[in-house]
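The first chain written gets the first letter, and so on, giving A, B, C, D, E and F; residue counts start at 1 in each chain.
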Amino acid sequence: MSDEKTLATKPESDVKINLSTKDLPAEDRKMLKSMFLRTNCLYALWAGQAQAAAGGMLFTMEPALNRYYADQKKRAEAMSRYTSWYNITLNVHPVVSGICAAMERDAAEDENFDVSNIQAVKASLMGPLSGVGDAFFWGVLRIIAAGIGIGLAATGSPLGAIAFLLIYNIPSWIVRWGCQVLGFKLGTSFISKVSESGLMGVVTKAAGILGLLMIGAMTASNVAFNVALTIPVAGSDPIMVQTYLDAMFKGLIPMLITLGCFKLLKKNVNVLWIILGIMALGLVCGLLGIVA
Amino acid sequence: MLYTATMALLAAFVAKWSNNLLGQALTERPLVAGLIAGLFLGDVQTGVLVGAALEAVFLGMVDVGGSVTAEPVTATVLAVAFVSTMGMEQGTAVALAVPIGLLGGLVYSVIHLSISSLAAPLIEKAAATGDPKKVNLVWFVGGGIKHFIVAVPTFLGVLLGAEPMSVVMNQIPDQVIAGLTASGSLLPAVGMAMLMKMLWNNKIAIYWFLGFILVAYMGLGTVGVAAFGAVIVTLVVMNDLDAMKKEKASIAAGTVAADEEEDFFA
Amino acid sequence: MLYTATMALLAAFVAKWSNNLLGQALTERPLVAGLIAGLFLGDVQTGVLVGAALEAVFLGMVDVGGSVTAEPVTATVLAVAFVSTMGMEQGTAVALAVPIGLLGGLVYSVIHLSISSLAAPLIEKAAATGDPKKVNLVWFVGGGIKHFIVAVPTFLGVLLGAEPMSVVMNQIPDQVIAGLTASGSLLPAVGMAMLMKMLWNNKIAIYWFLGFILVAYMGLGTVGVAAFGAVIVTLVVMNDLDAMKKEKASIAAGTVAADEEEDFFA
Amino acid sequence: MSDEKTLATKPESDVKINLSTKDLPAEDRKMLKSMFLRTNCLYALWAGQAQAAAGGMLFTMEPALNRYYADQKKRAEAMSRYTSWYNITLNVHPVVSGICAAMERDAAEDENFDVSNIQAVKASLMGPLSGVGDAFFWGVLRIIAAGIGIGLAATGSPLGAIAFLLIYNIPSWIVRWGCQVLGFKLGTSFISKVSESGLMGVVTKAAGILGLLMIGAMTASNVAFNVALTIPVAGSDPIMVQTYLDAMFKGLIPMLITLGCFKLLKKNVNVLWIILGIMALGLVCGLLGIVA
Amino acid sequence: MSDEKTLATKPESDVKINLSTKDLPAEDRKMLKSMFLRTNCLYALWAGQAQAAAGGMLFTMEPALNRYYADQKKRAEAMSRYTSWYNITLNVHPVVSGICAAMERDAAEDENFDVSNIQAVKASLMGPLSGVGDAFFWGVLRIIAAGIGIGLAATGSPLGAIAFLLIYNIPSWIVRWGCQVLGFKLGTSFISKVSESGLMGVVTKAAGILGLLMIGAMTASNVAFNVALTIPVAGSDPIMVQTYLDAMFKGLIPMLITLGCFKLLKKNVNVLWIILGIMALGLVCGLLGIVA
Amino acid sequence: MLYTATMALLAAFVAKWSNNLLGQALTERPLVAGLIAGLFLGDVQTGVLVGAALEAVFLGMVDVGGSVTAEPVTATVLAVAFVSTMGMEQGTAVALAVPIGLLGGLVYSVIHLSISSLAAPLIEKAAATGDPKKVNLVWFVGGGIKHFIVAVPTFLGVLLGAEPMSVVMNQIPDQVIAGLTASGSLLPAVGMAMLMKMLWNNKIAIYWFLGFILVAYMGLGTVGVAAFGAVIVTLVVMNDLDAMKKEKASIAAGTVAADEEEDFFA
C-alpha cells in the first residue's frame, strides 16, 4: 500500500530514467545497437493494409527474440506476435521495439507472464507516438531542413541536398537511439510499475491527448481546399464564396473531408477506395470550376 | 534512349529504396532525388536545380498514416531526364512534374496499399517457422521487387520521350490540372484519418478539434500547438495523479476504518 | 405631401410589423426597409441605394435582450422619402439618417419597454379564461397598434418636410451628434446586461470575462469563441459526468459495504 | 442503480435523438407544424418589462394546450403558466416550446406531474439559448447576409435585399423547425431521464458556460467607446488618451459600462432609465468633447 | 463542522473586506499610517544576499512592534523575527507588513500563538506577490508612464519627468495604502479563518499560479538573445540562424538561460557569480560574432 | 572640473538615494536623473533631452528579484555632464552612455549583492537589543554610505574628462559593445530566476511555461496574460473549493454514519 502511494505522489522519482547505456550489461548494449540499426529498414517493404510495417517491426525485434528464445518453437510463437498490423513514425518506433524487447525477456523468464500485454502496449502506443512523431519530424524538422536545403541548392550546388540530409538525419539518428534505450529501460522499470499502480491509464490518456492535438493541428495546416467560385456582381468586384465559408468556419471543408475519411475508415472501407474517391472529388471540382 | 531510360530507372530505384532502407532518410524528396538523377544522368547541375524547384512544389505533400499524396521520385527523375537529355525547358519540366507526381501517386497508392498486401501471408508463414532468416528474405526481396515496380513508370516515361509526354500532358485541360492539384491538397486528409483511427477515443476526441482550431483560429504552428499541448497534458496528468492519490487514500482510510470497526466490535 | 406621408407611414408599418410577424425576418433592416419604401414611394432604385448605404451604417447596432439601440426603419424610410420625393442629396439624407435613427430609437424604447406593458394585464386576464382566441386578440390587435404608433414619427417627419428637417437636424451641434453616436455604440451594453441577468451565476461568471478577453486580447470573432467554447464545454461536461459516475460508484460501494456489514453483524 | 450508472457513463447512447418526424404519430406532426408556424409571431407584440414575449410563447403553445387539455378550466390553468416573463432568441425559441409541449402532455396524463418543472425548464433555458442564439443569428449569419446583400444592392438592384432575406431566413427556418422537433423529442425522452439522473445540473451548467462565453464575446465586439481626448504636446504629436486606456486594459470602458448596467438591472432599475442614462452619458461625453 | 462548511461554500461572504479605515480604532489607524510612510524606505539599504531588504521590513514593522511589545525583551525577540531574508515588490510589500502587524498583535495577546506562522506567511507570500507586482509596476505602469514622459520630455520640457513621476507614483501610493489596510484586515479576519479551514492551501496555490504565470510572461518579454550568425550562400541571401532557432522554439535561448540561472540559484551559487557569468557569456558571444 | 565633478556626484547621489528613500519612486530612471543632473549642472534643457533619449534606451532594462541589469544613473549623469559642460555631441554622449551603464551595472552588482552584505550582522545585532533606533541607524547610515559609493564612479568619470572617456570608450571594439548589449538583454534572466526561486513549486511550475508561451506564441502582453491568469486562477480556486467542500461533506457523512452505527449497535 505505502509503496503504491509513494509512486502515485512522486512518480518522477521512481521512474527516473537516464539514456546512458553504461549501467546496462554488455549483452544488452549489443542487442540494442543491433535493433537500432535494424529500425532503418522498418519500411523496406509495406505489406498493404493487412500488416503494414509488421515485417519491419519483426526485423527490428529479431536480435531480442533470438537472444531470449533459444528454443525455435517458442521463438516461432513470439515471432508470430509481431505479424499483426503495425504502423508508426519511424523515428519513434524504437520506443515500442525497446519496450517489447524488455517484455519479451520477462515473458521468456517468467512462465506466468501474460504475453497479451505485449500486444496491448504495442497497439496502444503506436497511435499517440505517431501523432507527435509525424508532427515533429514531417511537420517541423523536415521543413526546417528543406528551407535551408532549397536555399543552398538554388545556387546549383549539391551542398543543398547534403545539408538537407544531414539536418534531418542527424537528429533522426540521435532521437532513434535515445528512443531505443528509453524504450528498453521503460519496459524494464516503468511499464511494469506503471501497470501495477494503475498509472498506465494516465500515461495512455496523456499520450492520446497530445497525439490527437497534434493530428488536429496537422490536419488544419496540411489539408486545404479553396473554393474558387465567385458570385459576379454587375459593376463591382465579384463576391468570393470562400470568404463566406471562412466567415462561417475557417477550414470547414478540410475538417469535414477529414472527418468523412475517418468515418469511412472506421467502417472498414479500403483506403485505396478513399484515395480514389478524393482524387475523383478533386477532379470533379476541377471540371465544374469549383477549384481553379 | 534505352540507356537513358535505364539510368532513370536506376536513379528512381535508388532514390526510393534507399529512403526506405535508411530509416526514411528523405532521399526520396526532390532535393535529393534530383541530385541522384543528376548523378546517374551525368548532369548534376540540372539535377540539383530541378530538385530545388520541385522540393518547394512538393513541400506540403506529406504522407502520414500510410496514405500517399503524391510520388515525388517519378516526377523529379523524369523532369531531370527531360531537361538534361531531351532539351526541355526547366520551367516546362517543373510544371509538367506536378501532374506526373499526382498521377504517379495514384499508381504508387495501388502498389503500396493493395498489391503489397500479397506479402502479408508469406510473412505470416515465415514467422510461424520461427526462422528469422525466412522473414528477412520476404521483407527484403519483396521490398526490392516493390521498389523496382515503382521505378518502372519512370523508365516508360523516358522511353515515351519528352516531346510526346509534354504533348500528352499539355492536352490535359487546365481544369483537370486544377482538379488534380485540389486532390493533392485534400489527400493528406486520408493520412490524418488513418492516424486518427489509430488513437481515436471519444473521451479525448475534443483535443483533435482543439488542435485544429489552435491552428485555424489562433494562427499557431505545429510547435506552438505542441507547447500548449505540453501544458494541457501536464495539467491533465497532475489532476489525474491527484485523483488517483485521493482515491487510494480514501480506500486505505476505508480499510483502516473497517479494521478499526472490527476491533471495536470484536 | 399628405399622400407621400401616408405612403411613408405604410412603408414603415409594413417593414416593421412584417419583421415581427415573420419570425424577425430582418425586413426592418435598412436594406429591406429601403426597398419597401422605394416600392411604396415609387422609386425602387433610390430605395435600394439608400438602403444599402444605411445597412452599412446601422450594421453594428443590434438589439439583444429586448433593449433598443436605434430605430432603423424610421431612419431609412425618411431618408428614402427625402431623396426620392423632396430632392435631397443622397449623401445628406444618409448623414441625416444617423441622428434620426438614434432619436427614433429613444422613442421606440419608450413604446417598447414602457407603453407596451399596458398589454400585460390584458394577456393575463385572457389566459385566465382559458380561451386562446382572447389571447390572440390582445396579441395581434395590440401588435398592430404598437407598430402603427412606431410608424407615426415617419409620417410626421415627411409632413415636416425635408428642408425644415435638415435645417433642424443641421442645427444639432456636431458634439451632440458625436454624443448620440457614442450612445449608439454604448447601448448594446444594455442588451448584453439583460442577457447576463438571464443567466448569471457566480460559479460560472468567469466565462463571461473569458469570452470578453478572447475577443479583446486574442482577436477572435464570434465563431472562433464558439469553437473554443465547444472545447471548454465538452471538457467540463466530461469532467462532471466522470465525477458523477464516481460519486455514484462510491455511494453504491458504501451501500454495498453497509449491507455487508449488516449481514456480518446479523 | 445499474441503469443510472449506464446513463452516466454513456449518456450519448441513451439520448440519441434524430430530427426526423417519421417516427412520430401524425397528430404529433400536425401539432409541431402548427407550433412551428406560430413561432413566427413570437414578437408580434412585446408586453414591456412585465411579460416581454410571454404572449408570443402562449400563442406558440396553443396547439399543444388545446390538444392536451380538452377541459377549459384545466386549459386556463395551463395557459396561465405562460404569462410570466419570457424572452429568447426567436430562432432557438422552439426548443423551449417543444420541450414544454412534451411536458404538458405528461402533465395532462399524469396527475402527479409536478408542473412547476415546466416553469423551471423554461426559465433556465432561455438565458443560455439566447446567448448562443443571438451570437450566431445576430452576430454571424446576419453579418454574412448583409455583406453579400450590400454588395449586390450597391449596384442599385433589388436583388440585394432579396439575397439578404434568403441567406438569413432559409437557415433560420431550417434551424427553427429542427429546434421544434428536437425540443419535443428532448421533452419526451431526454429531460425526464436527465432530471431523474441528476444530469440536469450538468446540462444547465454547460449551457450557461457557453451562453456567458458568447455574451462576453458579443460584449467585447458590440459595445464600444473611444475616448477622443488628447494631451497636446508642443512641437510633437499629441498623446491619445485612448492608447493608454488600451494599454491598461483593452475594452475597459465598455466592460465597466456593461457591468454597471448589469448591476443596475439586478437592483431592478427599470431598463428604460438605464437606456436614458446611457443616452445622457453619451451626450455629456459628446458635449465635453470626450468623444468625437 | 457546519461553520466550516459554510465558509467553504461561500468564502466571499465571510472574508468580505473593505479598504476603509473608518471601522478601525484611532490607534490602529495611526499605526497603519506610520507603517505606510515607512514602506517608502524598504530599500534604503539592501543587505546583500543574506538579508536583502529585511532591515526595511523591520523598519516598516517598528510602529507595530513598539505598540504591541512594551517589554523590551519581548520586542527584541519579535524584532529578530524580521532579520531573515526578505524581498518583494515594494508596492505590494504592505500586504505582508499589514498581515504581520495583525499577527504580532495576536501573538502579543495570546501566549499560545504559534509565532512560526508569522514567518511562514511572510515567506510564502513574498514570491507570488512579487510576480504579480513586478509585472504590473515594472512591466505595465512604468512603461505607460515612460511613454508619456518621453513624449513630453522630447520637446525639452521638464514636464516630461514630472508627468512620468506622477503617473507612476500616484497609483503606487494609492495601491500601497490600500495594501497596508488590506493586509492588516486580512491578518485580523481572513488569515486565521483561512488557515483554520484549510483554505490557506488554496490561497497560496492560486497566488503561486498567478505569480509564476506572470514571471513566465516577464521572462518571455524581458529576456532576449538574438543570434546574428548567418550561413552565407553564394549568389543569394544568407540564411539567418535565428530564423531557424525561432522555427524550433520561439525564445528558446532566453528560456534555457533563465532556467539555467534558476538551477544555479537553487544550487546556492552566489548571484554575483551568475551575473558575472552572464556578462562573460555575452562578451564571448560578442567576440565570437555570435551577436552583433 | 572638480566643481563639476562634485555636482555630478551630488546629482547621482540624489537621484539614486531618493529613489530608494521614496518607495522606488523611479527618480533613478534616466528621465528623472537627467532632469536632476541638469539642475545640478545648470543646464536643465540638456538634462531633459539627454534623459529622454536614454530613457528609451534603458526602457527594457529592469531589475527584478534583486538582480541588476544596468546602472542608469551613472550613465545619465555622465552623459549630461559631458554634453553640458564639456561640449560633447548629444548623439555621442548617448551612444557612450550604453557601455557606461552596463559597466556601471557590473560595479553596482558587486556593491549591491556583495559588499552590502556587511550590514547584515549589524542589523541582526541591533535587532537583538530590541531597540528600533539602533536598527534605523544601521539602515540609514548604511544606506547613505552605499549610495555614496555608487555615486563615486560618476565623480571619477567627470574628472577623467569627456575626451579621454570617449577615447577610452571608443577603443572598446564593436564586438565588445555588442557583447555587453547582449549581456544587458540576458541579465533580466537572473532577476526572473530569483523570483522563480521564491515561488517555484513543481506542482504548478507548468504555469511559468504557460506564461512564457502566451507571450512568445500568442503575442500577448503582460496585461493580457494577467487577464487569462485571472480566468485560470478563478477556475482552479472554484475547483479546489468544490473538492474541499465535497471532501468535508463525505467526511461528515462518514462521521454521521459512524454515529448512527454506534446508536444502532448500542
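A few points about this structure:
We take it that a residue touches a chain if its C-beta (ideal position, glycine included) is under 8 Å from a C-beta of that chain, and two chains touch if they have at least 3 such contacts.
Keep in mind that what you see is a predicted model, and the values were worked out from it rather than measured.
Least step count on the touch graph, chain B to chain D: 2.
For chain D, the chain with the farthest CA centroid is F.
Set side by side, the interfaces B-E and C-D show unequal numbers of C-beta pairs in contact, with more at C-D.
The greatest centre-to-centre gap from chain A, using C-alpha centroids, is found for C.
Here chain B and chain F face each other with different sets of residues for the most part; under half of the interface numbers are shared between them. In whole angstrom, the spacing between the mean C-alpha positions of chain A and chain E is 45.
Here the CA centre of chain A is 11 Å from the CA centre of chain B.
Listed for chain A are residues 140, 143, 154, 157, 247-248, 250, each touching two or more other chains. Shared interface positions of chain B, i.e. residues touching 2 or more other chains, are given as 203, 209-210, 213, 217-218, 220, 223-224, 227-228, 230, 250, 261, 265. Contact annotation for chain pairs lists A-B, A-C, A-D, A-E, B-C, B-E, B-F, C-D, C-F, D-E, D-F, E-F, with touch applied as defined.
The touching residues of chain D, counted against chain E in their complex, run 231, 233-237, 239, 244, 247-248.
Listing the residues of chain D that touch chain C in their complex gives 1, 4-5, 8-9, 11, 39-52, 54-56, 58-59, 62, 65-66, 72-77, 79-80, 82-83, 87, 90-91, 126-128, 130-132, 134-136, 138-140, 142-143, 145-146, 149-150, 153-154, 156-158, 160-161, 164-165, 168-169, 172-173, 176, 198-199, 201-202, 205-206, 208-225, 228, 250-251, 254-255, 257-259, 261-262, 264-266, 270-272, 274-276, 278-279, 281-287, 289, 291-292. Residues 247-250 of chain D are the ones that touch chain F when the two sit in their complex.
Taken together, the chain B residues at the contact with chain A in this complex read 17, 20-27, 29, 31-32, 34-35, 38, 44-45, 48-49, 51-52, 55-56, 59-60, 62, 64-68, 106, 109-110, 112-120, 123-124, 127-132, 135-136, 138-140, 142-143, 146, 175-190, 192-201, 203-205, 207-217, 220-223, 225-226, 228-230, 232-233, 236-237, 240-241, 244-245, 248-249, 252.
Put simply, chain F touches chain D in their complex at residues 223-224, 227.
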